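What follows is a structure written as structure tokens; I'll ask about it next.
Order of writing sets the labels: A, B, C, D and E. Residues in every chain begin at 1.
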Amino acid sequence: MRNEKDLLQLMNAHFEPLKLEIKRKQNVSVEFKKEELIQALSFLKSHSYRHLSTISCVDWPEEGEFELVYHLFSYDDLINISLKTRIKRDPGIFQTAKEIWPVAEFYERDIHDFFGVKFKGNDNLEELILENWQEIPPMRKDFDTRKFVNDKYEWRDYNGQKHTD
Amino acid sequence: MNNNFVKGSWQEILDWAQNKSINMLHYCTGCGAIELPPTMTSRYDMSRFGIGPAATPRQADLLLVTGYLSTKTLRRLIYTYEQMQAPKFVVGFGSCTINGGMYWDSYNTIKQLDKYLPVEMYIAGCMPRPEAILDGLLKLKKMIADGEADGYQRYQDNLEYYHQNQEAVLGEVQRTQ
Amino acid sequence: MIDIIYRIGHFVLITVFSMALGLLFMGIARKIVARIQKRYGPPVYQPYLDVLKLFGKDAITHGFIFDFGAIMALGGVIATLFFIPLGSWQLYSMEGTVILVIYLLAIASLGMAMGTVGSGNPQASVGISRALMQMLGYELPYLVILFALIYRYQTSSVWGLMQAQAGSFLNWNLFAYPLMAAVAFVVLIGMMGKKPFDSMIAPSEIGSGPVVESGGKYLGMLLLQKSITIIIELALYVNLFLGGAENILIFTFKMLIVWVLATMFGSLFPRFRIEDGIKFFWKWPLGIAILQAIYIIT
Amino acid sequence: MVNLTLIIAIPLLMSFTMPIFKMLNQKLPKVIALLTTAFNLLVLTANFSQIMDSAIIIELGGWQAPLAINLYVGPLALLAAFLINGSAFILSIYNLTQDYKFDDKFYLLFLMITAGASGMVMTGDLFNLFVFIEITSIAAYSLTAFAGRDSYEASFKYLVIGGIGSVFMLLGIGFTYSAVGSLNLAEIAASAGLINPLLLQITALLFLIGVGIEAELFPLNFWVPDLYTEAPTAVSGIMSGAVSAAGIYALARIFFTLFPAQSFLNYLLYLGAITLILGELIAYQQKNIKRMLAYSSLAQMGLIVAVISLGTEGAVRAGLFQLVNHSILKILLFISAGVLISAAGSKNIDDLAGLGSKKKTAAFGFTIAAMGILGVPFLNGFISKFMIISSSLNADQFLLTVLILLAAVIEIAYYLKVVQKLYFEDLKIEVKKTAVITIPVVLLTLMIFGLGIYPQLIADPLEKAAAELINNGSYIMTVLGGM
Amino acid sequence: MLTNYIFIPIAAAFIAYILNKRNRKAGAVITALVSAYLLLSLTALYGRWDITQSFNLSLMGYKIDFLLAVNPLSWLFAVMTAAISILIALFSINSQENFKFSSVFNLNFLIIIGSMIGIVFARDFLTLFIFWELMTWTSFYLISAGKKKMAGRAAYRYIILSAGAAYAFLMAAIFIFQQTGSFAFDSAAEFLVANSPAQSIMLLLVISLPFIVKAGIFPLHIWVKDAHGNAPKEFSPFLSGMMLKIGIYGMIVVFYQLSFFKIIENTIAYRGLPLLSYLFALLGAVTIITGTILAIRQEDMKKLVAYSSISQMGYIIIGIAIATPLGFSGSMLHLMNHLIFKSTIFLALAAVIYRTGTTKMYEMGGLIFRMPLTFAAYLTAIIALAGIPPTNGFISKWVIYQALIEKGYLFLAIAAFFGSIASFMYVFKPLSTVFLGQLKPQHQNIKEVPLLMKIPMLILILVIVLFGVFPGIQMNIINQISGYLGIETVNYTLYSIQGANGAWNSLLIFNIFSAGFIIALLLFSFAKKSKLVGLLDTYSSGEYITDAESYHYAYQYYRPFDRLFDNLAAKSLTDFYETLTKNLVRSGEGLRRALAAGKLQNYALYSVLLFVILAAVGWII
């Protein structure tokens, strides 16, 4: 039964994390370099962090990077750890975590749908949630929903006066 | 349809009967669905007006679309609508069906229901309370009695218009053979 | 020749009368359930409106067997109607036997089953298989009761059984064999598919079971069939256990009482699972019926 | 009225001159064997009517009965001789299509075995009986060894057990000679009363074991499965058809004419019943078809001994009829099995699957014989089974009848397994070329159907044979009376 | 004169075998011709109950005489055999195109017909036994010509059971022969009545053993499922239609002609019925229940119908065993009706198998659109089997109920009710899984069966409805039979039968039903015309279904009901017999290993041991 500090020491011992932080009780976040993340994932899996709850992605258009966050949970330590890493925005390619957790395939498809991140090794990245979507991935910050909606749907004209602006 | 221009007395009797007993298929798409149980149960008791829930579109006359409609749900809604039979009416529920409501600028919701399906009436409100629902439905019953509720006619007459709008949003839509 | 016209007239009169009465009873039932749930509920004549509306609506069909099924269902039930004495009205009930009535009801259910499964919808087949399983459940105690009654009164015709209970209301079977009457009452609820035993038309689980594909006039026909079935089963119960009646009014009144009791009884219990339903029917009702039958035989 | 001794003399003569015929021409030994057996059959038919009304006694060497060796050919002996020479005749037809390594020596022994068996059956003298038993067994030992490596072990086994048997036999003859002073069967039978009972009992027991081995009784018959499985088909045919019949004749002759005591018969009954049930049970789960047939013929022999030892007239007649049927059916089974095995290349039943479509005659032969044994109506097995059941019920041996029926059901089980495999399963292995056996199969099937539909053919020889066996008094009278 | 009814089919069998080798259809045509001849000449025989024929034979010192005679009971069975065989022959003319064993089929089928007529006309044990064996053997070959592996095992189990029972029969027959000096039934009957009851009951039970096996009554019914399920599709109608009935014929002979009832008259009675016949009725009841429960579970339609035959046999056994006039005529009626509707069902299923090639129900569906006539035949047959009024099935069941209620046998009645209601379930299952529901893509272009296969089905439909409305036709032959067997007759008119407490008038029912049907039809056509919609356009909560496979509810149709009986079905009787044979085999193996282990010195030792043992045992004279 490790507490948050022992976990961070464990991380320091085996990897060179860029940043470690105890957000609050039972919630730790660690940032890794791109190359180290997958090893960290398998390392943690063997240390009782069996549950990959989700993979989320944050779009930093200014720095031109995507931030991929892997949220793990251990039933022994009862700690949520989120492993973060930054990847370049334009090629937007990262290795898949499918071999470690098969469920990762769906999270990766979801991220591919909404952010356009391509995961090497995950061969079926077709649409999971969207249906024949032609535009750029909608969750990206540079996707202007209002413009999209304006030209896709006309607005109801309440006797001559349009709804928006 | 052979009965739309014969406005004989028989049609009036049918309209009268139709308005007295409506089977409602509440297609719980959005958050409006939670408003219906109170209208059906003891407090407001919708069944005293002859309106009761129907299990399948085959038995239903009224399609109640209760809330925002994502594009994928619209496809299923259209199939259900086509499975319903002739004197059928659609009632939009809540502001999301009128003009997109709170999700007006979201990329994946439908903004106006009546572009895709012939809507008899909208009941405004970001989820109208049971009184509003009952009031709306009573108004619908009056419309049916007077024969004005001919949504299914409008759908048949300008089928092309509706199909274009649907294909615009959904890509190709499977039609029943 | 006149006799035939008289017969046909009588034939049609009884059919219309029992349809109307059946629908009225269904309206009353909805009213009672509503009252129990502290709400007003639809007007009593609501089923008439439903039927009228349904016959006015368009409908879809899945081919010949779908139509033939609906027609056979209604036809079978109408045919059964004439073997049961309704108060003083009885057309052929002289020869009709109780066992015949049970099997004639089977025509109607077979017709409905064939039609609805013909629609190709899996939910209909699931509904029908549940209905058949449940029928096996409630039919067994019922037939044991019939066995005992026929053996006791040595006549298998409904009219004979009714006559046997003539005289004061004390020698109604209800009082002569109260246990058997109770079992028959529970079986009656099962037969009519009312609340605790309506797993075959469960709207949420299998989209109202067999009638999933029948809209418009098919639903109307099945509704009429249901109404006549209610009248037949109530009439059977009244004849067998409440000593029938001289004229139709008292007969209807007796049927109404039984119907109201059944609805109230029904609206209190949640729905049985299928095998629990069968197990229930084979545990208590069948047990009591067998005990009663043994008591009668020895 | 040809002299009956020729039946023994001619085959022996022919067999010893077989090497000369071999030198003259390759094919000759086969033909000679066929001709001699045919000649024997002719001689028998010539004397048929004469024997029917009274037995023929032939003294060899001119002395009177008690001293000289005499042949006693009654209806029983005639029937047995017919059986032996008939099966030898059919098997030699079968042999025409076979070729063995040292075929002249094979046919030499083959004729020796027929002569020995016929001699066993016709002799009226105890020591003479012993001599002929020795001739047959020696021929049999060497004949089994013709089928290559693993048949040596089988013949060695039979040699050892046969040897022990003949020792017991010799002891028995010694005791009887010392007690009675003569070796003539009638003489011994006549003076049976004089010997003190204990000595009589011991000699009977000795004879039981000595001859029991030939008659394949329970503890003594463990040489049978190996011999019938390893020996070439012709040899197992002649052994199961003829030699075991001769063995049973000898057993019957001893226990009906020499020591006619009901207690001996009861022991025979128990031994026969045990053999029957044991044979059937073991045969049920055999994988090798020949071994299955071996156990089945062993069981049938047990059945025949049990039925005959019931002692009544009807029982003996049923037993003899079953003996005749069994020989015919067994020979047909062995011949067809032989062909099927050579076609499939292995003796395992599973490999025979589907041969029905390819080897039509052999499979047909096997099926008809199997149905014959199982007692299907219109076949000979049915009538003998009917007679067995009625005679055993007559002797109100209720348990024996149930045993016989149980054995019959087990028989159905394992024979039908093979029949089904032949016809209704698809072919597993590619079929090799084999010999054409249409003539023997047709001949035997005709006999089966003939006896099945019209059993009157051999009704009255059976009648007389059973009568002769039952009352040994008439036997003594004819032999000694003639003095 | 009677013998030519027996030996013409057997002779024709060999001709059919040879001809069929050359042209595939010849065999079936010959069978049809022969059975047509039989049918005509047998019907012409009606009424002349005095024809007898006998010839004797002194076989091996036994004087045996073979007697053949015609009586109403045997006439009925012979006509039924001929009728069903002509229909099957017509059906199999072109349903056997790709059947490998068709010549073996016709050979054995004709021999079976001949031997069955032989059995039915036999008046003594030996002829009965000979033809019985012949029938058993030929049906063995026929069953094993069915589906590859399972047919072999099924035939194997069938032959062992029936041959074992037949040998027991032979033993008992010979025992009687020894006591009475002849095999004839009448002399045997006198002897048995005079004999001590215990022994004659034992004898009669042993004699009825093969009939119990053949009729598939409870303890010995294990072979029926596999044999019917795997037999060639043309033979199962005959197998379940006629072969089960021969067992019943045997039971009737044992009960009445060998006066089984007279013998057990004075034994202890249970409510007015001798205990032994009540036991037989109980066996019938148990057969109904087990047959029905197992029928509901089956996934293979032929096995399902086979089990339903077993349970219907139970009705007939109950009818005969309670020995009342109503009971007897009820069971005879049910016997005839069962033959008719059961062979219709099997023929309809054979047509389906001929077209789709599979017998598994969940691999089919929606065949009503492709094979309407087969559907119509199947529908009428199951309406008859379920016992729904306008058809003949109901009449026979109604008469049996009258008989049961008249005597007040509660448990038998419960079993009968259970059987008939549950028959709705297992009868509806093939209807909905095979004919209704979704049509599979691979069956899209199935055509209706050729004409020659349609004719038998059409004829059978007409016969079902005809006997349904006019049961009188059947009743007059049944009354003659009960007269012949010495049971009082039931009074009847052309279209009504007088039950114990209430008459049954089938013409009236038919009129009322059609009147009701017309009213419904009027109501239906009064409303608007409905729009035809395809099979795939059904409500599936919005999702558009594309593959028919996932929208056909067929596998484990009554799962909740089966769950109630899972443990009962698990320990079925067949395992009991399997273990029995298994330890028989093990004992044989054990003996062999112990005694014949192949070591030479033991063998030598045995001979000496035998000498010592026998001497020790006191081989004293």
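The rule we apply is simple: a residue touches a chain if its C-beta (ideal position, glycine included) is under 8 Å from a C-beta of that chain, and two chains touch if they have at least 3 such contacts.
Remember, it's a predicted structure, so these values are computed and weren't measured experimentally.
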Quiz item: Among all the other chains, which ones are in touch with both chain A and chain E?
Solution: B
Quiz item: Counting one step for each move to a touching chain, how far apart are chain A and chain C?
Solution: 2
Exercise. Average the CA atoms of each chain to get its centre, and name the chain whose centre is farthest from that of chain A.
Key: D
Quiz prompt | Which of B-C and A-B has more C-beta contact pairs | solution = B-C
Exercise. Determine, using the mean of C-alpha atoms as each chain's centre, which chain is farthest from chain C.
Key: D
Quiz item: Where the CA atoms of chain C average out and where those of chain D average out, how many Å apart are those spots?
Solution: 80
Quiz item: Taking each chain's centre as the mean position of its Cα atoms, how many Å separate chain D from chain E?
Solution: 45
Quiz item: How many Å are there between the centre of chain B and the centre of chain E, using C-alpha atoms for each centre?
Solution: 60
Quiz prompt | Where chain C and chain E are represented by their mean Cα positions, the distance between them in whole Å | solution = 36
Quiz item: What are the residue numbers in chain B that touch two or more other chains?
Solution: 56, 58
Quiz prompt | Residues within chain E bordering two or more other chains | solution = 533, 537, 539, 541
Self-check item: Chains grouped in pairs wherever the two touch, ordered by label
Solution: A-B, B-C, B-E, C-E, D-E
Self-check item: In the complex with chain B, residue positions of chain E that touch it
Solution: 533-534, 537, 539, 541-544
Quiz prompt | Of all residues in chain B, those that touch chain A in their complex | solution = 71-72, 98-100, 104-108, 110-112, 169-171
Quiz item: Okay, in this complex, where on chain E does chain D touch?
Solution: 59-62, 129-131, 133-134, 137, 140-141, 144-145, 148-149, 151-152, 155-156, 159-160, 163-164, 167-168, 170-171, 174-175, 177-178, 581, 584-585, 587-589, 591-592, 595-596, 598, 600, 602-604, 606-611, 614-615, 619-621
Practice problem: Note which residues of chain C are touching chain E in the complex, please. | Solution: 11-12, 15, 55-63, 65, 67, 70-83, 92, 95, 97, 99-100, 103-104, 106-107, 110, 113-114, 117-123, 125-126, 128-130, 132-133, 135-136, 139-140, 143-144, 147, 150-151, 154-157, 160, 207, 212-213, 216-218, 220-221, 224, 273-275, 278-279, 290, 293-294, 297
Quiz prompt | chain A residues within the chain B interface of the complex | solution = 130-132, 135, 138, 143, 145-146, 148-149, 152-153, 155-156, 163-164
